[in-house]
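This is the structure I want to talk about, given as structure tokens.
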Amino acid sequence: MGNIRFDIIIDYLPLFIKGTLLTLGFTIAGISLGLILGLGIGLGKMSNKSFIRIPFVWYINFFRGTPFLVQILLMHFAIVPLFMSPANPIVSAIIALALNSAAYISEIFRAGIQSIDRGQTEAARSLGMTHTQAMRHVILPQAIKRMIPPLGNEFITLLKETSLAAIIAAPELMYWGRVAGSQYMRVWEPYIFVSLIYLVLTLSLTYLMDKIERRLKTE
Amino acid sequence: MISVKHLKKSFGNNEVLKDISLEVKPQEVLVVIGPSGSGKSTLIRCLNLLESVSGGQVVVTGKDLTDKKTDINEIRKNVGMVFQHFNLFPHKTILQNITLAPINVKGVSKEEAEKKAKELLAKVGLSDKADAYPDSLSGGQKQRVAIARALAMEPKIMLFDEPTSALDPEMVGEVLEVMKQLAREGMTMVVVTHEMGFAREVGDRVIFMDNGYIVEENVPNELFSNPQHERTKSFLSKVL
Amino acid sequence: ACGTAQKDNNKNGSNGNEKKVLHVGTEATFPPFEFVDKGELTGFDVELLNALGEEAGYKIDMKNTGWDSMLAGLDSKDLDIGMSGITIKKDRLKSYDFSDPYYESEGFLILFKDNVEIKNAEDLKNLKVGVQNGTTGAEAAESVVGQNSKNISKYESSGLMFQALLSGSVDAAVTDKPVAEEYIKQNPDSNIKSVEDKERFKPEYYGIAFQKGSPYKEDFDKALSTLIENGKYTEIYKKWFDEEPKLDSLKDAKTYIDSLREEK
Amino acid sequence: MGNIRFDIIIDYLPLFIKGTLLTLGFTIAGISLGLILGLGIGLGKMSNKSFIRIPFVWYINFFRGTPFLVQILLMHFAIVPLFMSPANPIVSAIIALALNSAAYISEIFRAGIQSIDRGQTEAARSLGMTHTQAMRHVILPQAIKRMIPPLGNEFITLLKETSLAAIIAAPELMYWGRVAGSQYMRVWEPYIFVSLIYLVLTLSLTYLMDKIERRLKTE
Amino acid sequence: MISVKHLKKSFGNNEVLKDISLEVKPQEVLVVIGPSGSGKSTLIRCLNLLESVSGGQVVVTGKDLTDKKTDINEIRKNVGMVFQHFNLFPHKTILQNITLAPINVKGVSKEEAEKKAKELLAKVGLSDKADAYPDSLSGGQKQRVAIARALAMEPKIMLFDEPTSALDPEMVGEVLEVMKQLAREGMTMVVVTHEMGFAREVGDRVIFMDNGYIVEENVPNELFSNPQHERTKSFLSKVL
């Protein structure tokens, strides 16, 4: 690896910090929108009418079955330009992250809901609640607790996926890592530093999720 | 109150109820016994449409459940159900468990629902547990809360599906006591149970089910001391 | 894209400045042609394009979009120009129009560590060779080793290519002379030797990419010849490469490129 | 997107096919080695001796907490050259994939093992079996069944992750997509074609896993 | 056979067993009763070290379990255990469930283990189920297999922890029948149960536990008809 050139990191520090903030922004926006969309998609996929279910099944197949790299390119060059010109890479990245994470989150929702004992629905329904009331007051509040651990994992995955937004030149953390690397034609210093930042971010996130999980458990 | 005629119920190719007919009159307590898998739970669950009916007719409080126009939720308000495994809502306090349906289904005000809930908790002997969560209660306490929760909707009929068989023997008594009191107050009840003492003491009629049929039906003392059918005799010899 | 251009027009119009803004994409991982210096886009291509724009009467808005985004941006007409040290090639002429060549890449360097011996390009045969994907260096190396041969490794950036050389993943790297010199300048202690082979490696030419039938091509071709005439081109060239440009062969190349265009 | 140029795809078809085979090879090698390593790491992380547990915890933290891109670079340029010269990108990619998937698989193992009712261990131990015997004959065979669905997901994730091996010029599917793209300066044809191949691969894999799951259920 | 002296057991700060002493002689059947949470399961689990002991001494078949040098697996071979929830191995057939430990722990040959297993299955009345999987059996059948599985190791002592309380009432009899036969054959047994009929018929001695102590100990008839302590009286009044 040769000598480490700290000057590269010092030079780029302000930009790395800016990039980290955008990375965090991407992650938070992606998961927030993904949660909303994912709930809808998850419920759609649980429908017992197949003409409702099938589009959702294919949505999930597509987003889970193709590399995120391709999804983000498609979004930026084909979809977003339809309503925004020129397409802003930050907007495209957020939409791609949200749609992608929604596919995963919908599966988490579905698993969470299906993990709740059938007796809970039956008790709610036998008290005269409608399906919607039972979902809202009885099933979802319990399902959400069980979804915290898999959602935490999805959160971390998403955080790392944001790094692919560099490909459409959204100036997040990895983008600055690549830029710094090519200015000095050095791979190590920027990549290792950038990956340390990712590590700190993911570990903090893990810690945070653990805490939330523990609090929910004792509640 | 309840009139079942030629009720049939299948799960896939498995016919679980085969031509069941019975009547329950107001204020009557009907006890259902029978071996495991005979269809007792399925029968009782057909009475509030937790299972859809495959054939025949079920009329509850004057309304035909098999008629598609009947509003199921309307009927369920009149029919309370108590399950073997309590099915309390673990994320809500005892008080919230009891008030949830009255507030959201009947549109009762929160104050009124809580007042009523506290009366019911007093009735089942658990006034001090209003703010506890289900997990901190013993099995017997949970089942008494489940009964209070069902009563909060002021049903005309109560269905019980083996309400004591998941309980430690010590706790069976306290739940049966609450049920006996309900019977004394004139509640119409259908009870699936293995507690023969309870059947004798409170039941107006007992039906013995086997393999999807009602094999025998009688007043409790007659049925227990003088069973007519072979299958009833062999069943009673094992459980008494 | 047209919409944006108009919007920008209006903005400029209100300033009393009628210059049209052209959106340009680049992949800034190719120093000294284009790279990012502490957040600022710079390099030979960047300066030349700005000068060309000035001459032709356009305002240049150049962004580091990345290679893929540059191409897609041209296709979707979000971008008007792609400039990223792009080699003019027959295959590419099917997809885009190119300006007249603005740079002759005749000096390829073969780089290698002291544990191998390379005297000329022929020695590359049967060695593992690293190149940067899509560059003239890649073309040059493939002309010896064979296109998409299993001995060729194409890396996404020059940094990765040099790293592969240093760590021994490849025995040699082939790249444009200025890129190699820049690397040696940046990493003086890397013990890398180099060799040139002007016999074997045919020169390649860089061009500016436009959409097929783009109205701007003609303006930029004209501006380029003006800058070459008036010495501005030489000035920029010397600043970045520290030597005199060979203007004559650049002019000759025009006919070579035209012949490529005919061939398709 | 303009006209589609099928000639690009036809030109590169043999290379795409070769790339697909390597992608599949990467996936299979990665998951196979990952399974073996993951079992060890999962058991290590469940140790009740903290000096055994902590290295495994950090192993998992590192591989789950940093972008795979960086892991593969480190492997190829820093680790593999220590024992192999020249470092072969295929070897580096397989090692990186195996180590990365091992981190995820170890968590799947752990969850699978912990999902088996404690009564099973107690019954085995009270029959005089040692801890190892109970694991081998009673716990693992049951845990493995439960691990099939999450392993299927990991399999798909890994399949998509192999695309990052392009960065070290391992000639898998995505590598040829990029090479084709830069030869013709076209983004769409190669990327969309390549992503269709990924989609077909992941869907086949999903279908296969479903079948295995169903067969195990009826067994 | 078993000698427990001043046994103490805590989970964290929660002392569950507080100074328990008892003796079980060869061929004796000891029945343990008591309310939920009194420590019955914990006590019986200490006898084969499924729970580690916090204090006192436990000697089983002459070996001190609290001595670190004692080989636990050696002792467990001599002590069979039957659980409330059967804990059969669902991925193995009935025959494999029974032969697994003899083959792997004792090193018995497969043929011999299977021969023995078939004898045991005949004994518990399930010869036809050898190749079935546990999931296809009723609760009573599962528990009889569990007993056969424990017996396959030819233990000197059998421990039962509420072996019938997860069963449908119909099936309780068939399991108790197997246990009675075992007792008749002279097996040393410790049985936690709520089946007072069984305790009366088969038990040599009954101990009543409450809150981690042995409150009362006597021959069954004495203890049931003439309990000495308040707590025993109130408990028996609820469950009898």
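Letters are used for the chains, namely A, B, C, D and E, taken in the order the chains are written, and counting of residues starts over at 1 for each.
The rule we apply is simple: contacts are C-beta pairs under 8 Å (C-beta built on N, C-alpha and C of every residue); 3 or more make two chains touch, one makes a residue touch a chain.
The chain lineup, named per UniProt: A, D = Polar amino acid transport system permease protein; B, E = Polar amino acid transport system ATP-binding protein.
For clarity, every value in this text was computed on a predicted model and none was experimentally measured.
Student: State which chains count as neighbours of chain D and simultaneously of chain E.
Tutor: Both chain D and chain E are touched by no common chain, going by the contact rule given at the top.
Student: Going only through chains that touch each other, how many steps at minimum separate chain A from chain E?
Tutor: Minimum number of steps from chain A to chain E: 2.
Student: Starting from the Cα centroid of chain B, hunt down the chain whose centroid lies farthest away.
Tutor: C
Student: Could you please state the distance in Å, as a whole number, between where the Cα atoms of chain B are centred and where those of chain C are centred?
Tutor: Their C-alpha centroids are separated by 82 Å.
Student: Between chain C and chain E, what's the gap in Å when you average each chain's C-alpha atoms?
Tutor: Centre separation, chain C to chain E: 83 Å.
Student: Taking each chain's centre as its mean C-alpha position, how far apart are chain A and chain D in Å?
Tutor: Each chain reduced to its C-alpha mean, chain A and chain D end up 20 Å apart.
Student: On a C-alpha centroid basis, what's the spacing between chain B and chain E, in Å?
Tutor: One centre to the other, that is 35 Å.
Student: What parts of chain D, by residue number, touch at least two of the other chains?
Tutor: 1, 73, 77-78, 187, 191
Student: Residues of chain E that touch two or more other chains: which are they?
Tutor: As it turns out, chain E has no residue touching two or more other chains.
Student: Note the residues in chain C that touch 2 or more other chains, in rising order.
Tutor: Touching at least two other chains: 68, 72, 75-76, 160, 163, 166.
Student: Applying that definition of touch, give me each pair of chains that meets it.
Tutor: A-B, A-C, A-D, B-E, C-D, D-E
Student: Quick one: which bits of chain D touch chain C in the complex? Just the residue numbers, please.
Tutor: For this pair, the touching residues of chain D are 1-2, 5, 15, 73, 76-78, 81, 85-89, 166-169, 171, 175, 178-179, 181-188, 191.
Student: Quick check: in the complex, which residue numbers of chain D touch chain E?
Tutor: 117, 119-120, 122-130, 133, 137-138, 141-142, 145
Student: Within the complex, which stretch of chain D touches chain A?
Tutor: By the definition above, chain D touches chain A via 1, 61-62, 64-70, 73-74, 77-78, 156, 160, 163, 174, 187, 191-192, 194-195, 198-199, 202-203, 206.
Student: Where on chain C does chain A make contact in their complex?
Tutor: 1, 3-4, 23, 28-31, 35-39, 63-66, 68-69, 72-73, 75-76, 78-79, 157-160, 162-163, 166, 182-183, 186-187, 189-190
Student: Given the complex with chain D, which residues does chain C contribute to the contact?
Tutor: Spelled out, the residues of chain C in touch with chain D are 67-68, 71-72, 75-76, 86, 89, 91-92, 94-96, 128, 130, 133-134, 148, 150, 153-156, 160, 163-164, 166-171, 209.
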